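Down below are the structures I want you to see.
Two complexes are shown next, each including subunit A; its partner changes from subunit B in the first to subunit C in the second.
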Partner chain A sequence: MTISPRTRSRAARAFVYALLILGVVIVTLPFWYTVVTSLKPQAFVFEIPPRLWPSPATISNYVEALTKENFGLYFLNSLFVATVATGLTVVIAAMMAYAFARLEFPGKEVIFYGLLLGMMIPPVMLIIPQFIIAKNLHLLDSLTGLIVVYISMNLSVQTFLLRGFFEGIPKSLEEAALIDGASQWVIFRRIALPLVRPGLAVVAIFTFLYSWDEFPWAHVAIKETSKRTLPIGIALFQSAHLTEWGQVFAASIVAIVPVVIVFAVFQRHFIRGDVGSGMKG
Partner chain B sequence: MGTAWLFLIPGVALFATFVLGPLIFSFRISFYDWNIINSGDSIWVGLENYARALGDPIFRRAVLNTAAYALVTVPAQIALGLGVAVLLNQAIRGKSLFRVLYYLPVITPWVIVSLIFEFIFIGQGGLANYFLKDVLHVTDQNIRWLADPILTFVPIFLLGIWKGVGWTAIIALAGLQAIPRELHEASSVDGASPWARFRYITLPLMRPTLVFLTVVLTIGGFNAYISNLLITNGGDPLDKTHFILTLMYEATFTRLDFGYGAAISYLLMFFVLVMSIFQIQLLRRRVEL
Partner chain C sequence: MATITMHDVGKIYPDGTRAVGAMNLAVGDGEFLVLVGPSGCGKSTALRMIAGLEDVTEGTISIDNVVVNDVRPKDRDIAMVFQNYALYPHMTVYDNMAFGLKLRKVPKDEIRQQVNAAAEMLEITELLERKPKALSGGQRQRVAMGRAIVREPAVFLMDEPLSNLDAKLRVQMRSELTGLHQRLGTTTVYVTHDQVEAMTLGHRVAVMRPVSPERPYNLQQVAAPTELFNNPANLFVAGFIGSPSMNLVYGTLTQDDAGVVHLGFCDKTVTVDARAVDGHPGIEDYFGMQVVVGIRPSAMEDARVSTRSESETIEVESLVNELLGSETYVHFELPSPPVLTPDVEENLRDQGLDASSLGDTTKFTARISPDVDVPDFTQLRLAIDTPKIHFFDAETSDKIGYRAWDDHSADELFTQRS
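This part shows the complex of A and B:
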């Protein structure tokens, strides 16, 4: 019996889809279970057998979490910190990257390699001295203290990434402007920056995800309830109310939505190449 | 030349204050019995903090736990991520939807996914036990995953793998797409089976990507922290389940032993550095064979 090549390739393709879908089920099942649990009334959280469909369903966990608990405030804190840190990182990293790509100055290589060192340090090992420095600068218990550290922790990777983008722009454009008497700042602002927009999108995605996710530093630097960010709020709520998983997960789902939106909007920019290199979450 | 500094000052100032300065400062702290209230009263102890860590059974156990985590999760992430990448590299529909779905665990905050896995592995009424006991019947009583110094690593390891596969797959996919299509077409004309093509064309050409993934994932593995902190409460039971960083955190911010914590973090950086160099050497050498 012979199998035609066509049948065989069709079978192979069905096999590829089957494996991919199996993988997606494994990857998404925990999320699905989280959503379902967040919609269950407290009494049904540990029902036996555990159900993968909430019945009865309720949104009371969301209402509780967002009104009675402080998750609404933590959400705003996280949004503020992540947005400001992202915006400033994009600007500061772009400025540095442009200087490394286009300007000449003494000590250029030394400074660049010093900066690269930052990519190799395990972030948590800096927490002890960061805590002491932040304490002396009165930056503990303040959102500013989170923002400056988040920017600093991202500068190495993002400057390195953007330098590559700036070096990819043809020099002739800038040279023409320079002859017309434009300053370096104007060239950076009006010519170079718009041309590296895809790179800026990648920087924005990664810095936002990082700032939204960051736990160790916020855990150390913030003690005041009203200054907490979402990861801290959720972790502390869970350890204080061990059984109220419905509310924990309602807050978690609300916390996931912004990163999914940011990722869905910007993903085409970074999936194209291997620019995700070295930026593991 | 003056202009260059205008571009550099904001970034360099931040980096020096919050990254480079702390790196040097931390090194100094590691040689002291550091006094957090009045740093002037700190006592120089030389290498004692390092010696204490290396002789401490809790630290040694934490190193073993962390090494086991890297040893299990890194190969698993690479194997599964490579598998997903090969599948996504076929001519299929819905590629970007698949990519987003596989990437979902990567973008979800560690705190949240840690709590999700803790919930699934709860002893009484958890989904994992229900599945093993009532669906598969491989055990007749609930397994107490979270109270056992060995079993508690099951959810932690699984979480590490589950969260990292999407990222590994995206990087591997970029590597696959860089392989010239003609190579595959030529060998398939020569009658090579898909497995032979994967083994003798894809894998060797993917070596730089695989080296990169091994090094970056191992560094990530040794820096694992949040999942352990939330799932074991940082070392429970009896400080047997620490990772290096949960121990560093506890020493520093619970016991306020800053010098000891700083020494642990430098030991970690030393391990990671040595291991990265070793891996790069080893994996590079195989290319030449």
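This part shows the complex of A and C:
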């Protein structure tokens, strides 16, 4: 029996959809489970089989988590660290990327590949050397210390990413600006930067996400209770004998909110870039 | 207002390739000079050197008699229109035009006034608040022009500004450019690969050609359009300028006892008008030798409506006739091997062809009056306007008796004009 091409393409399509649906389920199920659990009373958390709908539902987990210990302080600490680290990373990475994309200086590529090397070392391996350096520089137990490390951890990737964006700007735009009387800084600030907005948005989102979520280094570097960030705070909800999973999940949901906001604010910038729209045709 | 002088200018890229060599050129105050040539002929590089976007490897470039080799683009008092327009995509048309003035710290009121005036001149006032992506190709082109004229620079540099427009718009913009130049009178250097654009826009046209090891210079001829057409320096210029291009055939010149010069080509013989002989000083040395004969399509006419004498006519068989209404093109072949010199090959390459496309006959096109009816595949008597025949050295490709371009110093060219 032969299979007609039409049947075959239908079968292929069904397979693709099945695969995609499976992917969606895999991605959303844990999130859904988190939401549901955060709304369950503690007694129902370990029910087998688990309910995928919270009944009875309660918001007590949220009330308790948010009023517990220093949740508010941890939240603000995280917000401060993530915001400053993101802002500075965007500025520094953009300047570095522009230099690598457009300026000529000796050893440019060597330095660039050196920078990329930083991307290839697993962050966990860096914790001990980082700890020693941070200690010598008195950057332990301080939010500034966290910010410095977070920026340095992000710079290589983000510079790499932005270099591509800057290189996508037609050279003639910069030449036009040069003839219009722009200095290198003006070209960067008034021509190039506005045109790589989609790239800057990506950098902002990823850096914020990283700085907001980072756990291992914050765990190592911060001892003082008042300087803890949110991931550490949430981790402390878990204890050896009894973990209030409902509260852990409630805190996690609250912790997602700023990330969602940052994403919502920046994503509209990378929907459509207009780098090429001043060109011909 | 300014003059531009290029003195022995050369450009060698860091990888060792030479793009421009021994370029001597003087652009007069208020002149519209066109650099034309096939791709890779160095015309854009030359323009970018004047703009200061490329370093000058050899020689000097002066604007208003000041050497500008090391002057930054913004201090050269120039404005440039780019082939791809290069409008700033994130700025409105107004901001695009005002950008250069803002950077020069011109007061706001004055900027507004100047931008509005330029916009009015180009009829883009209603587009001022739009961004480039909301503009059509033709509108973008105007904005690019506007950005250049608003600063009232001493020199306009234009790098194939019309090449991205469709044919109709290009013709319209071409005449608008001429009008604009007449109004502003700004010295302009214009780069194009389109010989029609070159001929219609330029006060003078500089025909350029890629450098080669044997010929380390680009400029072939710098002359007024009519001069280029009527007196091409060599086969390259002859083939590049004019459409349809000049017909070329190998021929031999002889002189009879009465002093009349006869031209034999293929199986034809015609007498050559004395004016053509006089136009090629030193042609006597070529009598009896093979030369390349150049006859423009427009220098031929159906013998029935021509006033040329019988001895200046040839009998051909027409293959294809193209009736364009205002003129008719008659295509025919002569049983003679096609003219093939490095110049001819270079022109073919520019059209994406090679020597094999010529076949083994010489193809001719004649432009004749539309009033005579010529069916395909008929015997036809064509009169040749022999005063307009060109003779070229078959070895060097140069027009016989033509004064070579490099005899002109830049100063000399300039004084010739003014």
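One rule holds in what follows: the second predicted complex is superposed on the first by the 221 of 281 C-alpha atoms of A that agree within 3 Å, B and C clash if a C-alpha of one lies under 4 Å from a C-alpha of the other, contacts with A are read in each partner's own complex, and residues count from 1 in each chain.
Rule of thumb we're sticking to: a contact is a pair of C-beta atoms (placed from the backbone, for glycine too) under 8 Å apart; a residue touches a chain by one contact, two chains touch by 3 or more.
Note that the structure is a prediction, hence the values are computed from the model and not measured.
Undergrad: Kindly classify A:Ala177 by the partners it touches after superposition: subunit B alone (first), subunit C alone (second), both, or neither?
TA: After superposing on A, A:Ala177 lies in contact with subunit C but is clear of subunit B.
Undergrad: Would you mind checking which one, subunit B or subunit C, touches more residues on subunit A?
TA: Per-residue touch count on subunit A favours B.
Undergrad: Output check: A:Ile187 vs subunit B and subunit C. Expected answer is one of first, second, both, neither. What do you get?
TA: Neither: A:Ile187 stays clear of subunit B and subunit C.
Undergrad: Just subunit B (first), just subunit C (second), both, or neither: which does A:Ile132 touch?
TA: A:Ile132: touches subunit B, not subunit C.
Undergrad: Which partner chains sit in contact with A:Ala65 here, subunit B, subunit C, both or neither? Use first/second/both/neither.
TA: neither
Undergrad: Could you say whether A:Val203 touches subunit B, subunit C, both of them, or neither, answering first, second, both or neither?
TA: Neither partner.
Undergrad: If we overlay the two complexes on their shared chain A, which of subunit B and subunit C does A:Ala250 touch? Say first, second, both or neither.
TA: A:Ala250: touches no partner chain.
Undergrad: With the touch criterion stated at the top, can you tell me which subunit A residues are shared between the subunit B interface and the subunit C interface?
TA: 274, 276-278, 280-281
Undergrad: Subunit B touches which residues of subunit A in the complex?
TA: Touching subunit B from subunit A are residues 13, 16-17, 19-20, 23-24, 26-28, 30-31, 33-34, 37, 45-50, 92-93, 95-96, 98-99, 103-106, 111, 114-115, 117-118, 120-130, 132-133, 148-149, 151-153, 155-156, 159, 183-185, 188, 209, 212-213, 215-216, 220, 230-231, 234-235, 238-239, 245, 248-249, 252, 255-256, 259-260, 263-264, 267-268, 271, 273-274, 276-278, 280-281.
Undergrad: Along subunit A, where are the residues that touch subunit C in the complex?
TA: 170, 172-173, 175-182, 186, 190-191, 194-195, 274-281
Undergrad: Where on subunit C does subunit A make contact in their complex?
TA: 51-53, 72-74, 78-80, 82-90, 96, 99-100, 103-104, 131-133, 137, 140, 147, 151, 164
Undergrad: Please output the residues of subunit B touching subunit A within their complex, sorted ascending.
TA: For subunit B paired with subunit A, touching residues are 1, 3-8, 10-12, 14-15, 17-23, 25-26, 29, 36, 39, 83-84, 87-88, 90, 92, 96, 98-113, 115-117, 119-120, 122, 124-127, 130, 134, 162, 164-167, 170-171, 174-175, 212, 216-217, 219-220, 222-223, 225-226, 230, 233, 245, 248-249, 252-253, 258, 261-262, 265-266, 268-269, 272-273.
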